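Pasting a structure here, questions to come.
The letters A, B, C and D name the chains in turn, as written, and every chain counts its residues from 1.
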Amino acid sequence: MSSNKKKQAELIEEISGVNPLKCMKCGKCSATCPSYNEMDIKPHQFVSYVINEDVESLVNSKSLWKCLSCFACVERCPRDVKPGKLIDAARQMVVRQRNNTYLSPDEIPELLDPELPQQLLVSAFRRYRR
Amino acid sequence: MSIENKSFRPKIVAFCCNWCSYAGADLAGSSRLSYPADVKIIRVPCSCRVNPMFILRAFEKGADGVIMCGCHPGDCHYSTGNFYARRRMTLLFSMLDYIGVENGRTRVEWVSAAEGVKFSDTMNSFVEKIYSLGENVRLGDLRCRN
Amino acid sequence: MQRIGVFVCHCGSNIAATVDVSKVAEMALMEPGVVHAEDYQYMCSEAGQAKIADAIHEKKLTGIVVCSCSPRMHEATFRKAAERAGLNPYMVEIANIREHCSWIHKDMEEATKKAVILMRAAVAKVNLNTPLQPGESRVTKRALIIGGGIAGIQTALDIADAGYEVDIVEKTPSIGGRMSQLDKTFPTLDCSACILTPKMVEASAHEKIKIYTYSEVENVSGFVGDFTVDIRKKARSVDMDKCTGCGVCQEKCPSKKAPSEFNRGLNNRSAIYTPFAQAIPNVPVIDREACIKFKTGKCGICSKVCQAGAIDYEQKDEIITEKYGAIVVATGFDTINLDKYDEYAYSQSKDVITSLELERVMNAAGPTHGHLERLSDGKAPKEMVFIQCVGSRCSDDRGKPYCSKICCMYTAKHAMLIRDKYPDVNVTVFYIDVRTPGKNFDEFYRRAVEQYGVNYIKGQVGKVIPQPNGKLLVQGSDLLDNRQILKEADMVVLATAIEPNPDVRKIATMLTASIDTNNFLTEAHAKLRPVESPTAGIFLSGVCQGPKDIPETVAQAGAAAVKAIGLLAKDKLMTNPCTAHSDELLCNGCSTCENVCPYGAITYEDKEVNDHGIREVRRLAVVNSALCQGCGACTVACPSGAMDLQGFSNRQIIAEVDAICR
Amino acid sequence: MKYSYYPGCTLRTKAKDLDDYARASARVLGFELEEVEDWQCCGGVYPLGTDEIATKLSSVRALNAAKEKNQELVTICSACHHVIKRVNDDMKNVEDICTRANNYMELDTPYKGETKVLHYLEVLRDRVGFDELKKKVVNPLKGKKIGAYYGCLLLRPGKLLEFDNPENPKIMEDFIRAIGAEPVIYPYRNECCGGYISLKEKDMAKSMCDKITESAEGFGADMLITACPLCMYNLNKSSAKKIPVYYFTELLAEALGVKEVQAS
């Protein structure tokens, strides 16, 4: 079991290309995140979850779907850790398991309005499901 | 590092200048940054002291790779020595490549006294390259073989 | 045939834990020329050195190999030991089985094998060693200090007090450096000028100290004990002997739009100026870029108002050439450029300033005459936010990877001073870690919190957002409360990372002193020789070697002075005998070696030689061993193989190659 | 001068204006946008995972098409610009991604990031030149105070996109000056509008857009310009403030006197 946890953490590191040990816990990512208040696990905490091999909590967190991929944390991180990449890797893990997605086609029609650009749907689909 | 052929252990000679690279190797040591034991370092006052004959001699005697390390260009303790070394080695290495000693078996790297990490990284990647190239058979003096 | 002794050091467990030392000694006995081999716990100890001496006497050794730590560490130790026992010191070679072997390998068998090979290479070399005699060179009893800040001033005073001549070269128009820009100093809060100015005066009045301000080092040649330095004295346009320092010229100068360097560009100065009131020398310079006379040919007011007739528009740069025995680098630091940190709005708001700028704002002689006010509208702030680690501890390419060391303390100082003088101003500090190692330092920081109520928040700031109402919204983390903070502030102060003065790279190249990836000068040994450069005769003082505060700088300045004095006190220096020499019978006088020699040590002489019975006069290369530094460039360039290097001869190096590839 | 042109999904439909004005203006400025044949959607967001290959292929196809024509590849939509530039960087610098993508592509010569990707604004700045653009303006937008809204995708990560200083950009401000108007600098111009989150989290997007428009209005902007259809949608739809938002190409066409021509 614990080896499975380890594997998951390693997978996150592999997909993201991030070394969480480089983090110095300055909190600049959380200071900069526009979705901070919506997140249950805050950006600066992502690294600890990976280091502690608790990927389970990470993939079940609300934060996965609140991250905007705006790259503010990626741009401003002083340690080249870039938590946005970690959260994206966790999201990848979830969407690669087909049964677990945040957006189902059935809910789309009621979300639409006449001005909504294609780009929005395309991006949302790419982010939320496979 | 993956060592496919366990029985093959290369002989690698590293010429290091006294002021920068040898000190860089010392720093790698005191920082406990490991690299394979196949590398043996010869101390020279400056990279410009390395006569191409030394490198030919090493290959003749069965070396599988030769690397030369000096101060960064512009930082030479003797002002200009590494510029001479760089030119000499460029010529020598292309000639060696021409006669079949692949370019991967020879390398010039600039390592300062403060770059212990770079020294160890350089040696690790160089040794890995030599493992991938295997034994050097082109210039060896047959009389030197066991 | 040599009679060689091999001594293998355990270095406690440093070597013995990974290398089978007795095996190395045992294998040594099988090498040609080796008549004695032993291992011992600490070869560098007195007992270890005695073992070497005993073996030299008993076994009549002619050569020594010590298998131990790096030769950069103890080669000199073992050479001296051999010399005391009557052996030529250059018959000793070191096999580096610690830094290059035991410390980097884990497998005992592998490490032992490698140690044996390194021992063999050293034995092979010693077999070809010859006794060498060092020459002598003279010592010029004068020191040069590059940089006139507190580090340079202190070093100069200490050397001068010991009775030696010292010259200070300072780039700006006055000595004083960064410390003269500071308002108060931690942790005692005494005023910076009050403790610095007397030292500046003392230096300028000292009969052994000569100060070249507005001057730069242009060229350095020579070597330890005998450096020749060209100093460029930039044209001041004011005659230093005539000027009385009355200051009328500055008052009357109509061009007052040049940004004041001393006040970090926060206000302007005249084109003819002294950087600050206590400047030494108290003689202005004309900034020719800003001067109307130099730009248009008209004006000349300063010349008209100067009663001493000191203004000289025709003055030209002057090159002074001087000899020195020792050179101390004290080039100091600057704050980094904040262009890459625009998220803190430094370039967008006048109310976001660096800590060094705040020093000027707080200083009575500064742009606001010491009143704490916003630079945008002159209003008194009510909320101040300090941001720590701006550009420090960054592993991306925007900032510096190191801790700037002084910021935690000066921020506590600023916070405390503001709360003391303006109790109605709230002060918040965003920090990552508060680092206060130093005497009375942590107590000082705690006072800021406990006595002065400074609000410390653990977390970095993500963005400073200028508001339409002129205030600044600071968006930061509070990691201990786990929340994101939006705090409205009137002023934001950035604890900006420090970096070595950008000129230091140029100077290091001139001195052939080594420099690290962050442009700090490298010490000869990180712990044991912290104020010496690996290049003999070059010493390091202050922040040019690494971030440090004033007390540390002064301590290091004193240490550098002692090292320089130790050198100047000698009448003669032993020169390195590992120099090049030419074989007369092989030399064909082609001049190739002369062209590659960086020291001009090779000349040509017409000399009669006896070449196997044929006597003739030939043009031959001759090496001046006092000038030769032993780089070996000529030995490789020589097409006929006549040139060789003592101590690193072709045969010796080839013997090492052979031993390694055996 | 001819450029390969990658319009992207939205410029073909909802953001047709953005596209039409860009082409019309290009003609006046002396360059031509030649649409990449059979281009496919870029996907809208860059797949950060280092092991994502398939999702990068549509970008590689467009890039390779431009390479074969020996042309630079121009995009206008911020998202396409972001995705294609980053994929191109991968192809140039990440050996593993390059190899695996080329394995899928089965090209005669492998694609290794040779194409230069330019945003339309970069064409204006680096190829046409804002001074040159200024000379061609017949209808300067005098007296208009315009806030540039960059959003996130145009600028970040700054090191890879090499578009402008990500924290204090000036390309759009220079553009605004070139067409005769006055730029308004406000701090939220490089903060995110909420992006695709507005599909499901309307409130979040609203609060983010409110901050942007409030800040812009606070500093005196009469209108905003953007390069991104999604930013446009969010700012119009989510923000309580009714500050008008235009595509930068619309104002460009207006200044160049080709807006009406286009509309007819």
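To be clear about the criterion, a contact is a pair of C-beta atoms (placed from the backbone, for glycine too) under 8 Å apart; a residue touches a chain by one contact, two chains touch by 3 or more.
Just so we're clear, the structure is a prediction, and the values are computed from it rather than from any experiment.
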Chains in simultaneous contact with subunit C and subunit D: A
Centrality ranking, top chain (CA atoms only): C
Chain pair with more C-beta contacts, B-C versus A-C: B-C
Centre-to-centre distance between subunit B and subunit A (centres being mean Cα positions), rounded to whole Å: 45
Whole-Å gap between the CA centroids of subunit B and subunit C: 30
Interchain centroid distance [CA atoms averaged], subunit A/subunit D, Å: 25
In subunit A, residues with contacts to at least two other chains: 72
Subunit C residues counted as touching two or more neighbouring chains: 343, 463
Contacts with two or more other chains, residues of subunit B listed in rising order: none
Listing of all chain pairs that touch each other, if any do: A-C, A-D, B-C, C-D
Footprint of subunit A on subunit C - complex, ascending: 343, 389, 393-396, 398-399, 432, 458-463, 475-477, 479, 482, 484-485
Subunit D-facing residues of subunit C, complex: 339, 341-343, 345, 347-348, 397, 463, 465-469
Contact footprint of subunit C on subunit A as seen in their complex: 22, 24-33, 36-37, 42, 44, 72, 76-80
Subunit D to subunit A touching residues, read off their complex: 8-10, 13-15, 41, 43-52, 55, 77, 79, 152-153, 155-158, 166-167, 191-192, 194-201, 204, 208, 228-230, 232-233, 236-237
Residue numbers on subunit A that touch subunit D, as the complex places them: 14-17, 34-35, 38, 65-66, 68-72, 74-75, 84-85, 88-89, 92, 102-103, 111, 113, 115-124, 126-127
